[in-house]
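This report refers to the structure that appears directly beneath it.
Note that the chains are named A, B, C and D in the order they appear, and that numbering of residues resets to 1 at the start of each chain.
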Amino acid sequence: MEYTILILLLPVLSFLLLALAGMKMSHRVSGLIGTVVLGAVTALSYMAAYDYFSLPRQADGTFATLVPWNAVWLPFTESLHIDMGVLLDPISVMMLVVISTVSFMVHIYSFGYMKGERGFQRYYAFLSLFTFSMLGLVVATNIFQMYVFWELVGVSSYLLIGFYYTKPEAIAASKKAFIVTRFADLGFLIGILIYGYYVGTFSFTPTETGLMQGAMMLPLALGLMFVGGAGKSAMFPLHIWLPDAMEGPTPVSALIHAATMVVAGVYQVARMFPLYIAYAPETLHIVAYVGAFTAFYAASVACVQSDIKRVLAFSTISQIGFMMVALGVCTGAPSHEGGLGYMASMFHLFTHAMFKALLFLGAGCIIHAVHSNEMSTMGGLRKYMPVTHVTFLIACLAISGIPPFSGFFSKDEILTACFAFSPVMGWIMTLIAGMTAFYMFRLYYGIFWGRENKELHAAHVPHESPLSMTFPLMVLAAITCVAGFIPFGHFVTGDGLSYDIHLDATVAATSCVVAVVAIALATFMYARDTQPVADALARRFPRLHEAAYRRFYMDEAWLFVTKRIIFRCVSRPVAWFDRHVVDGFMNFLAWAANASGEEVQPMQSGRIQAYVLWFMAGIIVLTLMLLLCV
Amino acid sequence: MEVHVICYLLVGAVMLFAGVYGFFTRRNLLATLISVELMLNAANINFAVFNRYLFPGMLEGHFFALFGIAISAAETAVAIAIMINVYRNVRNIQTDDISDLKG
Amino acid sequence: MNNSNLSAILSLHAELSLVVVLVVVLLADLLRKPDAGGRWFRVMVCLLMGVQVFLDLTPDARSLFGGMYVNTPFTSVVKSILSAGTLLVFLQCGEWLGRRDTRFRQGEFYVLTLSTLLGMFFMLSSGHFLMFYIGLETASIPMACVVAMDKYRHHSAEAGAKFILSSMFSSALLLYGLSLLYGTCGTLYFADVPGLLQGSPLQQLALVLFIAGMGFKMSLVPFHLWTADVYQGAPTGVTAYLSVISKGAAAVALAVVLRFVFPLMKDDWTLTIAVLSVVSITVANLMAILQGDMKRFMAFSSISQAGYIVLGALAGTAQGMASMAYYIAVYVVANVAVFAVISTIEQHTGGLTSRDDYRGLYRTNPRLTLVMTLALFSLGGIPPFAGFFSKFFIFAAAFEEGWWVVVFLALLNTIISLYYYLLVVKAMYISEPEDGRCVVAPMRSAPGVRLCLVLCVAGICALGLCSGFYEGLEYWAEAL
Amino acid sequence: MNILSLFVLIPALMLLGLWAARSINQVRGVMVAGASALLALSVWLTVAYLQARGAGETAEMLFTDSVMWYAPLHICYSVGVDGISVVMLLLSAIIVFTGTFASWKLQPLTKEYFLWFTLLSTGVFGFFISTDLFTMFMFYEVALIPMYLLIGVWGSGRKEYAAMKLTLMLMGGSAFLLIGILGIYYGAGAQTMDVVELARLHNIPESMQHVFFPAVFLGFGVLGALFPFHTWSPDGHASAPTAVSMLHAGVLMKLGGYGCFRVAMYLMPEGLAAWGDFFLVLTTISVVYGAFSAVVQTDLKYINAYSSVSHCGLVLFALLMMTRTSCTGAILQMLSHGLMTALFFALIGMIYGRTHTRDVRELSGLMKIMPFLAVGYVVAGLANLGLPGLSGFVAEMTVFVGSFEHADVFHRTCTIIATTSIVVTAVYILRVVGKILFGTCQNPAHLKLTDATWDERLAVICLIVCVAGLGLAPWWVSDAIGGSVEPIVSHLLVLNP
C-alpha cells in the first residue's frame, strides 16, 4: 500500500504551491487547488481503508500492522532515532478516513463561508498545512514522529486561529492556544525522553528487554505524555485555550477544534494503549478521572453560555472527556470486557467528529446569516434556513444520544464500559450525558425557536446559505444518521479481535430516558418566547450562574499564574538582576579602575622632592623585602 | 693610631644621607644640587676607602673614584646650565617654581 | 701584536662608526650656515645613520681592554636596533628642527643625541661596572641638554631641570650601590664578580640600588615619577627618543648584567623585578586612563610597556633575552610611529597635543589616523600586528620560568591598556568635535615623516608575521 | 598551496581590493565577488569532505597542512578540518554572504565598513581552519577587535559604551585564554602547539589542568555568552549595525563553543572532570535565565540577544553533557542558532531601517505594511521556538535526547530544567510577533513604509532556505558532525566514565 505516502505528500504540495504562489492566484483557483487535492486525499484514504480492512486477518485474528514507508530522519544513537514513515493499523486508518472526510467537507464549505475574505489563498494554504500535519500525526510510526507532527498541528492551529490577524482577540486567542499547548507538550517531550532513555527506543512496540528495563518508569513516562495529550485535547485545567480558539473562522473551529486536532490526545492515549494496559493501569484510571471531571465541568459551563460557538466548544471538551473516560476505564480483563472502552472511545471519536463538525458548520451558516455569535440575536430562525435547521436538529439528537443516530450507539458503548468499570462512574457519565442533551437543546431552541429578534432581522433578513455550504451539512447529516450502524467492532477493538456491538438493554434504556427527560426539560424552559424558569433560576442562584458563565474563573486563575507569577515575579526580577547586579558588577570594575587611578594621581605632584622621596621609599621597601623574604 | 674602616664608611653613609636629606628639604635648586654632590662623593669615599683598606695594591676603586668625580663635575656643569635656563624663564630657582608639569 | 691590537680596536666598529658619524656631523655643522634651512644637512645625517645601522652588526664575540669591553652578536643586534630607532627619530624630527627658532641648533641636537647613543653602546657592551657607569652617564647627561633644548619654553627648562636632578640623584645612589658591591667583592669585572657573590645583606642593598638606578632609566614605578613631566616638557622628537631608545638600552643592559653578573642572587633580583614589573604596569595603566594630553599619556603608556619589557629580564633565560630584544624592536617602531603622528599634528597646529583635539581626525587625515590606529593596536597587543607576537613571546618566557601569577596580572592589565588605547581610537574615529569640524585641518606631512611612518608601518606589520627576525634573536641569545 | 588557506587568502585579497576600490560600486563588487567565492569554496569543501569520509578516510583532520612558523616555540601555521569545522566554515560563509547584502546600502564610510567587516571574517575563517593553538588564538583576537570600530562608528544607540564594553569583556576573556594556552603548551612539555598532537600526547599534569581548564573554558565561555559573563551581548548586539550583529551572534559567538570543545575539553579531560559540574550549573542557568530575561525586554534586539544567551548557553550545556549525541546536538545548535539569529538580526535591522525604532511598544500591524519582512520574521520566530521542519527543532531535540542519555541523575535533572526554556521561548517569540506584526498599525507614519528591496529579499530568502534545509534534511549534517565528534567524545569518555 505504498500509495499511502501520497496522502501525506499531496497536502504538503498544495500547501507549498499556495503559500509561495498563492498571492498570484485568484481566490477561485487557489480554493479549487486546495479542495481538489483534498478530494484526492479523501479518495486515497477511503481506498486505503478499503484495502486495509479487506486484507485477510492474521492467524491470531487481528489486523496486521503495516509500515509501507519508514526512513531514519534524524539519527541520535544506534537505538534512538527519529523515523519518518507511514504506519497503518485499524485506528490510524480510521483516523485517516475521519480527518480526510471532515477536512474535505470543510474545504468545500469554506468556499461559501470565506467568500471574498482577504487572505483567501492563505486560508487554504493553512488548511492544507493542517491537514498534512494531522494526517502525519495519525500515521506516525514512532512517538517522536508523532511529537513532530504534534507541534506542526499546534502551529497550524495557531496560524488559523489568528487568521484574522488584525483582531486583537484573535491574536490573543492564538497566542494562548499555542502557549498552553506548548506548555503541555513540554510534558509530552519529557515523557518521550524518559521513554526513550529507559525503554531504549521511540517506537510504539518496544522490545521485551527494553520493556523489562523500562517497566518501572513507564507509568511516569506515559503520565507525562498524557499531559501533552491533555493539553491538545483541552482536558481540565489545560482546556482554557479551546473556548478562545473560537475566534478563528468557524470552518476552522469545525475542522480543528471539534473534529480532528482536539482528539489527538485521545488518539495518543489509544496509540499507547497496550503499554498503558500492561504497565500503567493506574495511570490509565487517572486519565479516566481527569476525563470525567472535565466532561462534567465543561457540560455545566456549557449550560449557561450565550455565545453559540462557546457552547459548542464546551460541549466538545465534554465529549472528549467522554472519550478519555472510555479509554480510562479499560482494564486488563480478558476478552472484550476490559477493552470495550477502547472500542467505544474510538467509535465515539468517529461519530463525534462527524456530528460535531456538522454542528459547527451549521453554526457557521447561522453566524453567516445573522453576523453574530450571540444567541440574543437569533431565535426563530427555523423558517429562514430550513436545511440548516434540520441538519442541526439531527446533530443535536445524535449528540444527545437519541437512537437511531450515531451518537446513541457510541455513547451507549461508553456508558456500558463505565458501568463495567464501576457503577458510580457509570451513573456520573449518564448524568453528564443528560446534561449534554439539555444544553444542546437549550442551544437548539435558543437559535431556531424562542423569541425572534425582530428589529435585527428586519434590518437584515437572515437567509439560507448557498449550496457550497449546505451540501457539506447534508453529507455530514447523512453520515450521522447511518454511522451508528457501522459494525465498528469488526474494525477497531482493544485486542484487535472482531467483535459484534450488542446493546446492553438496561444501559441503553436508562441513557435514552435520561436524554429524553433532559430534552423535555430544555423544551419546557427554552422552547417558548420567554424563559421564566431559566431566568428565575439565574436569579435564584446568581453566584452559581455568574461563576458558570465566567467558566468558574479558570481563565482568571491562569491569567494570575502567567501575568503575576511568571511575568512579574520571575521575569522582571531576573531582568533587573541582570541589568543591575551582573552588568552592574562589570560597570563597577570599570569605575573602580578609574577611581583607583585618581587615588594614585597625587603621587605625580610635580614637585621633584616628592619624586625622590618616592624613589627612596621604593628603595627602602625593596631592600626590606629582600632582607625579610629571601 | 689606626682608624678603623668602619669609621670611614660611617662618614660616607652620613654624607649620603645628609645629601638625601638636603635634597628633600632644600627649596633652592642650587642647594639640592650641592646635596646630590654630597651623595656622589659619599660613594667616591667608599670606593677609595674600600680600595685602600680591603684591597690594597689594586687601583680599581681609586680609578672608579676619579671617574666618579669627573662625571659628577660634568653633571654639575649641565645642571647649572639648565638652572640658568630655568632662571631665565621664571626669574627664580626655587623648586616650587618648576612644578607646573604634574598629574 | 700591534697589528692584532689594531684589528682588536677595529672590532669596536659599532662605537667607532658612531664616533665617525658624530665627528662628521659636528664638522658639517660647523661648516654650514647656521640660519639656513639645513635640509641637506638632515638628509646627510639620516643617510649616515642608515649606513651606521649595518655597521653595528658583528658575527662573533670579542672582548677588549682586558675584559672592560665585551661585544657579542646579540648586543650588536640590539645596538643596530637602537641605531635604527634613532634613525627613525631623526627622520621624524626634521620638521621640528627645520623650524626657524630651532634650525640653527639642529647640529647640537644631532651631536648630543648621537653621543647619548654612544654612551648606550658602551653601556651595552661593557665588561666592567666602571665602563657601565661611564656609559650610563654618557647616555644621560647630554640627554638633559636635549630635553632642555627649547630653551625659551618654560616647560622644556623645567623638564630639563627635573631630569638632570633626579638622574643625578639616581646615579649617585647607583654609584653608592656599586661601591658597596666593590667593597664586598673587591672587583667590578663582570667576569669575576659572580664567583665572589654570596648574597650578603650589603650585596642585596647594592643590588637594590643598582636596580633602582636602572629602573630610573627605564622609568619603572616607583622610580618613574620624572617620566611624565619630562616627556611632556621635552620637544616631541626628544620624547620619542627618550621613550624608546634609552629605555630599550637600559632594559637590555639590566637584563644582561642581572643574568650574567648576579646569577647567584637570582632569587633576590627575580623577586625585585617581578614586583617592580607588576607595580609599574598597574600604576602606569591606572594613571594613563586619566591623561588628556597625548605626550603625557604616552609617557604612562611607555611606563607600563617598560613593565612588560622587564618580564623578559625576569625570565633570565636566553628566550627571555630574545623576546625582550624583540619586544624592544617592536615597541620602537610602534611608539615612534605614534610620536611621529603626534609631533606632525603638533607642528602643523601650533602645538596641539590634547586628545580632544584629535576628535574627528579620521575625517580630515585618514592616512595619519590609520597609522596611529595600527601603532596603537600594536602597542595594545592586537594581532596580526607585531605587538601581539612580542607580548606573547615575553609572556611565554616569563611563564616558562613559573611566573604564572605575574603573567596573569600583566595579562589583566592588557585589558586596561587596551581601554586607553581605544580611547584615542575612539577620539579619532567616533567622537564628534565640539564645533562639528576637526580642529586639525587636512595636512601633508614632510617627506622625512612620511618615510618614517612607512618604515614604522612596515615594521609593525612585518616584524610579527615574518618569523625570521625573532628566530635570529633567539639564536644569538642562545649563543650569549 | 593548501585549499584551506584560501579561506584566509580570499579575505586578504578582498582587503586589498577594498583598499584599492574607488567607488561604492567597486566596493560592492569586491564584496560580492569575495563572499560568493567563499561561499562556493565552503560548499565545495563540504562536498569534498563528505566524499572523503564516504571513501573511508578515517584521519581525524582532513586537508591538513603545516608550515613551521616560530620554531623556538613550536608554533606552526597548521590547518585542517573535521566535520565540525567544515559546517562552521559553511555557516560563516553563508553569514558573510548574506551580511554583505544586508548592509548593501550602508552609509557613511562604506569602504571602511567593509574593510573592517572583511578583517573580522578573516579572523573567523582563520580560527575555524587552524589546528594550532597559537594560530587559533591569533585569529580569535583578529576577529574580536574590528567589532570595536564596527559598533562604535556604524552602530546605534549607546554605541560607544557598548563597543567599549564588548571589546573589553571579550579581551578579558582572551586574557584568561592566553594564560590557559601557555599553561597547555608548557604543561605538555613545550613540544607542540598542535591540538591533535597535544590530545594524543595527553600529558598535561592533572594539577595544571585543574588550574588551566577553567581559564580556557572561561576564556572561550565569555564569547559563548556564559552566565555571568554574557552582559556584553545584549548591549553589543543592540548597538551593532545589522550585518555585524549577524556575523557576531551568528558566527563569532560560535567561536566560544567551538573553542571550549576543541581546546578546553579535548585537551584537558581531567580538568573537565573536576570542573564539569560547576560549569554545567552555570550553563543551565544561562539557558533558563536568558529566556526569562528575554520575556520582559522591549527592544527587539535585546530580546534576540537574550534569546541568543539562552541558545548559546544550550550549546555549552550540551557540550558539557559529553555524550556523543549531545555534542552533535551542540554543533547542530551552533549551526541552527547561527542561521536563525542571523536571520533575526537581518530582519530587525531592515525593520529598524524603515521605522527607526526597535521598541516593541511603538510597532504594530507591520504584517499589512511589509508582508515579506513580517513573514520572514514569523519564520525566524518559529525556527527560534523549535518548530519541526526548521533548524531549531532538530538541534534542540538532539541536544535534549543526547543530554538525557547521560546516566547521572544530576545531569538529567539539569536537562529537564533546560527543556523548560522551550516554553519560555514560545512566550517571548509569540509576544513579539503578536505585538509588532499583527493587529492594526497604530502609527500613521508607518503606513507609507515600503517592503523589502531585492538585496534584502536575497539575504532573507537565502537564510530562510538554509534554516529550512537544515530543518528538513538534518541527517547528513548530523552524520558529518557525529563522525567527527566521535573521536573527541570517546577520548573524553575514556577519562570520565
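Please note the rule applied: a contact is a pair of C-beta atoms (placed from the backbone, for glycine too) under 8 Å apart; a residue touches a chain by one contact, two chains touch by 3 or more.
Remember, it's a predicted structure, so these values are computed and weren't measured experimentally.
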Chain whose average C-alpha position is farthest from chain C's own: A
Most central chain, Cα average position: D
Pair with more cross-chain C-beta pairs in contact, given A-D and A-B: A-D
Gap in Å, rounded to a whole number, between the CA centres of chain D and chain A: 37
Between chain B and chain A, distance of the C-alpha-averaged centres to the nearest whole Å: 98
Distance between chain centroids, defined by C-alpha means - chain B, chain D (Å): 65
Distance between chain centroids, defined by C-alpha means - chain A, chain C (Å): 78
Touching two or more other chains - residue numbers and ranges from chain A: 601, 604, 606, 608, 612
Touching two or more other chains - residues of chain B: 23, 32, 98, 100-103
Sequence positions of chain D contacting 2 or more other chains: 168
Chains touching one another, given as label pairs in label order: A-B, A-C, A-D, B-C, C-D
Partner chain C, residues of chain D touching it in the complex: 69-73, 75, 134, 138-139, 141-142, 145, 148-149, 152-153, 159-160, 163-164, 167-168, 171-172, 175-176, 178-179, 182-183, 185-186, 190, 211
Complex contacts: residues of chain C adjacent to chain D: 319, 322, 377, 382-384, 388-389, 392-393, 395-396, 399-400, 404, 407-408, 411-412, 414-415, 418-419, 422, 425-426, 429-431, 467, 470-471, 474
Parts of chain A lying in touch with chain C, wherever the complex brings them together: 593-594, 596-601, 603-604, 606, 608, 610-612, 614-615, 617-619, 622-623, 625-627, 629-630
Contact set on chain B toward chain C in their complex: 9, 12, 16, 19, 23, 29, 32-33, 36, 39-40, 42-44, 46-47, 50-51, 54-55, 58, 60-61, 63-64, 67-68, 71-72, 74-75, 78-79, 81-83, 85-86, 88-90, 98, 100-103
Partner chain A, residues of chain C touching it in the complex: 161-162, 165-166, 169-170, 173, 199, 201, 204-205, 207-209, 211-212, 216, 221-223, 225-226, 228-229, 267-268, 271-272, 275-276, 283, 286-287, 289-290, 416, 419
